[in-house]
Amino acid sequence: MVKLAEWRGKAVFRKYGVPLPQGAVARTADEAEALVRSGAVPLPCVVKAQVLAGGRGKGGAVRFASTATEARAAAEAILGLEFQGERVKELLLEEKLTLSRELYLSLTLDRSARLPLIIASAHGGVEIESVDDHEIDRQHVDPFPGLTNFEKRRVAKVLGLTGGPAKSLDRLLDALWKLFQGEDAELVEINPLAVVGDGLVALDAKVIIEDDAAFRHPEYADIRDDRTPLEEIAREKDIAFVQLDGDIGVIANGAGLTMATLDVLKEFGGNPGVFLDLGGTDDPRKVTEAFLLMARAKPKAVFLNIFGGVTRCDTVAKGLVEAMRQVPADERFPLIARIRGNNEKEGIEILRAAGVTSIPELKQSAQAVVAAAAGGSS
Amino acid sequence: MSVLLTRETRVVVQGITGHQGTVHSRQMREFGTNVVAGVTPGKGGTTVEDVPVFDSVQLAVDATHANASCIFVPAPFAKDALLEAVDAGIRLVVIVTEHIPFHDMLVMYHYARSHGARIIGPNCPGIASPGVAKLGIIPNVVFRPGRVGVISRSGTLTYEIVNGIKEHGLGQSTCLGLGGDPVVGTSFVDALPLFQDDPDTDLIVLVGEIGGTAEEDAAEYIRTQFTKPVVAYIAGRSAPPGKRMGHAGAIITRGKGTAETKLAALRAAGARVARFPYEIPDLVAEIVRHGGSP
Amino acid sequence: MSVLLTRETRVVVQGITGHQGTVHSRQMREFGTNVVAGVTPGKGGTTVEDVPVFDSVQLAVDATHANASCIFVPAPFAKDALLEAVDAGIRLVVIVTEHIPFHDMLVMYHYARSHGARIIGPNCPGIASPGVAKLGIIPNVVFRPGRVGVISRSGTLTYEIVNGIKEHGLGQSTCLGLGGDPVVGTSFVDALPLFQDDPDTDLIVLVGEIGGTAEEDAAEYIRTQFTKPVVAYIAGRSAPPGKRMGHAGAIITRGKGTAETKLAALRAAGARVARFPYEIPDLVAEIVRHGGSP
Amino acid sequence: MVKLAEWRGKAVFRKYGVPLPQGAVARTADEAEALVRSGAVPLPCVVKAQVLAGGRGKGGAVRFASTATEARAAAEAILGLEFQGERVKELLLEEKLTLSRELYLSLTLDRSARLPLIIASAHGGVEIESVDDHEIDRQHVDPFPGLTNFEKRRVAKVLGLTGGPAKSLDRLLDALWKLFQGEDAELVEINPLAVVGDGLVALDAKVIIEDDAAFRHPEYADIRDDRTPLEEIAREKDIAFVQLDGDIGVIANGAGLTMATLDVLKEFGGNPGVFLDLGGTDDPRKVTEAFLLMARAKPKAVFLNIFGGVTRCDTVAKGLVEAMRQVPADERFPLIARIRGNNEKEGIEILRAAGVTSIPELKQSAQAVVAAAAGGSS
């Protein structure tokens, strides 16, 4: 998924006609001050860190300014702060509006119902998880015929809107629905959605775009989210790769098998740190690449757990042996393999020839990996 | 009998001329499946290993009376392929294709549903009934005819588990791999009644994953309406929250859909819970030994 | 028994606060219909002649368990009204509103169909079963309980014909006015099976018009599957080609759908054909005299 | 329905991106010549009468010109011609393209299936009715999900298009589908659709917009089609009014009853000429207006056939009596009434007081009208 930073989300909002405060992006304190002096951002204004992590407000990364000098000071205070490992590099400066109410509104997918879902609450401006369930309205939208007027009337009622703000909501909901479909969004969230005078304004914007729709949206291709550098390389090579704190590397095929392997390793005291899902690949070159990527994560031991269905065990084995040749001696690590299924015998033979033993049982092989990571030999 | 497939099922393979389509058409036929046609626009009139290829599903159906489809076409074209199949009167479609945008799947699902058609998948292994037929990509070698039904959201893990059942000397009635995408055509709750009604299934193995609420929904159905014994396994018990594990179905979101909530619900519904995949065959064998009573 | 309606049918009137909605709600109640609620957005909490008004159909259904709707809202809002009714679980909707764009009706029809809901209309008199209930605007005075079913594409002409049957000393089981718009929710072919299955209907009167092929389709159904006697009348035998006669259903296009083709098809299907409305009661009476055999 | 003249249809085509020949509209021979001289219309060009009636080509209303002078001559020859009562007031001048094939393509409603229908034939450029049925392909399009790629591929195959023209067709079909829905069209027809070089060009355009969707399309409100002046007045007053050659006027309520009344009059030798459908009106003022409109059509006798359902008989009677007062003595005509149904007695009483007899039986009343038109007294 591609999570858009607030300013990017608001750029998408603007494209669909969602009403926004006047604002602009700054990357230095100089830029921030200049935006105010030039009038691009009216005063008083708010200066907001552009990070994907939550808790900006409490973390001092949202500040107010009444003068250009104050805006500069706010920018200086915020730039460089770190939130859950994410450093603040961009700021959004926006006019500070006088609002009468803060609402919550989002559009996402309800998997169980296989329908888009509008979530609305009159209690906005706080984490939606903290709002009482009976204060939150959930309403499905059918892709055919799309968002209807009766659904929009219901949202207006839930939010307690009439008159001008209700009319503004009507247009806003149409815009969000078009955005949700047109941008292949997984989530469109406005919190708070503010009542300002006789209309509505989106004070925040949270937009998540679905990865699988990337072929329709080259415009999001260059957006980095919270991936580590190695995860980023994996993504470019189309390898599912997740990096955490543990020391055991896991190469498996299929999300379910990868997770099951994790469960077993944990059970025997292991601490998995890198998960690499080969998926249904059949290409020895890709296996080699995946393995080299794993080497760069410097695991203490690696567990290769493959069940060959579409994937052929001998192909995977070939790729693995090739990779082992390429890994520098000082970066080598203990490797425990378990390969089963399609062309199992051929695969085991290839591994054996390269000095790697395949243990057929999941339990025993997992125990061997944990022992290896703890300092035993491979 | 079996679930969804019969020996009379006549299969058209959409995207048969691609690598995956060709390989799996061969394997389906080796499994005993009646693959009667392939479809690739622009390649009508050719054959793939003696299977006639048509330009459209309608032409394939007209010529061969195909009544089920297996889709291998790339994700950007999968929506059109499904709509074409349903429009041509096909009422059972397995979609193997992965990475289909869920907005496309919403359209596909509701179009199929309003025309009385069933989708299995997308991004799924498909369905196989040993001795009857197979639609999809589950490896032939893991099967052995028997009376254990398997329903799974996973791919490879399913093969592993089905294979484990076989190596334990037991066999399967039907194995149904639903796929773990955000929007699936057939969920646990949709699949369970099929196994409930299948006289050839004595008990089922349910393989779930963290993420979503499909397993919790299944547990509710099992508790209130499913009378056969259930062995359940949930993968991802130790997965870190909020990290992607290969596909969107494996995201833990907002404290819902955790392994704990799923396992608790399934236990409360009377299912035997396996902590690891290798425990499943033993639990199944135990139920079989006790005559299949839950 | 009767067709579609029972004494238990609980009716919500959408657009009850408008002139037509109020007048016909009263007349429906005078006919014995159980009108339980009205809906007009923004007027929730008020009443119309003791009928409670709600802001939405969902609120009306929640409070009154309404299970059928009659729509009187103006054409630009009719699509939304129908979608709202079906979304709220209503499965029988009579749409009286005229001048609904057919592009809207296409959406309404297919949405209703995919949710298992039936639309009668639009631009139609509705349905009435004397002694049971009425949904729509057919005048109460023309009815008398009996065993003749009436299915018609016309409005006022239907009243005239139903009244003629009454004045002849006969009565009606159910009268169904389908409307003559380009896209109707229920056609002759959809309606005939309902009367076939109704033990209280001995024979039917089918009132058609020139334009479209609904009568030809009906004739085919009657020929192959309908076993009760049919008296048919087609209005517009002498209408000039290509001139509009008040609504789009009355356009003669491309030599199809003429009175001649319709009458020939109905005759071939075994229907007795009336040349003028005033001949219908005699033909009906004759069938009744001969014990209802066709 | 609103039938758009070719040039208007093509303006709509342009809005949706349907490829067209370069062209412009002229209303005089001077304008025609100037369009060519200015280069707005390239040479050689075709000069086409803008009438809704068919048979333009055979009627000499489509001519070719290789010079501006020839274009002027063609315009002079065509302007003022009459086709089925419609005088040529506008010309469309267009570049004459070199085409390799002529195809037929249309999109309309299939009432029985309740689905839009694409009609396509490789045999274009002639009346589609004259093409063999097995040479015409019919294909439904479901509003949900809308026009699909497999449907477009089928049309391409039917039309025998590959390569550039097939790509052009793909875009063209998307455009037509959007137009069909977006403009609330009853019919969009291109005949011929020409293969020109590596693409397609719409040489003709037939677009019919649905009347009932007028509230969404104020842009079509001022377009007159083939209505007579009285029909036009009726339309403005929202009265269904049709004028033909006969001498008997019919005022009834409801299309079915109006047609049935016609059938009966014909049966007894009558020759109905003006049909006026009151519909479900309950408003005496509207009845009066309708009656006065009828008077202006100068019928030999008028038959008022009302079945009161929603309409009340006494209301109609009141409107009628008021109208009779307003009709000048020399424009009066014999009136035979038949009013039945809702408030029948009150209505009959009102009419009797005004000297009009109501005959209850349709047969007898129709016979009386025919006799009156033939010269008998009312």
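Going in written order, the chains are labelled A, B, C and D, and every chain counts its residues from 1.
Here, contacts are C-beta pairs under 8 Å (C-beta built on N, C-alpha and C of every residue); 3 or more make two chains touch, one makes a residue touch a chain.
All figures in this text were calculated on a predicted structure; none of them were measured in a lab.
With centres computed as the average of Cα coordinates, no chain lies farther from chain C than A. Between the chain pairs A-B and B-D, more C-beta pairs are in contact across A-B.
Between chain A and chain B, the centres computed from C-alpha atoms are 28 Å apart.
Each chain gets one centre point, the mean of its Cα atoms, and the points for chain A and chain C are 54 Å apart. The multi-chain contact residues of chain C, meaning those touching 2 or more other chains, are 107, 110, 114. Among all residues of chain A, those that touch two or more other chains are 142-145. Residues 142, 144-145, 148-150, 153-154, 157 of chain D are the ones touching chain B in the complex. Against chain A, in their complex, chain D makes its touches with residues 143-145.
Those residues of chain B lying in contact with chain C across their complex are 110, 113-114. Residues 41, 55-58, 77, 79-81, 83-84, 87, 107, 110-111, 114 of chain C are the ones that touch chain A when the two sit in their complex. In the complex of the two chains, the chain C residues touching chain D come out as 20, 75-76, 98-103, 105-107, 109-110, 125, 137-139, 141-142, 152-160, 163, 180, 182-183, 187, 207, 209-210, 212-214, 217, 233, 235-240, 243-250, 254, 275-278.
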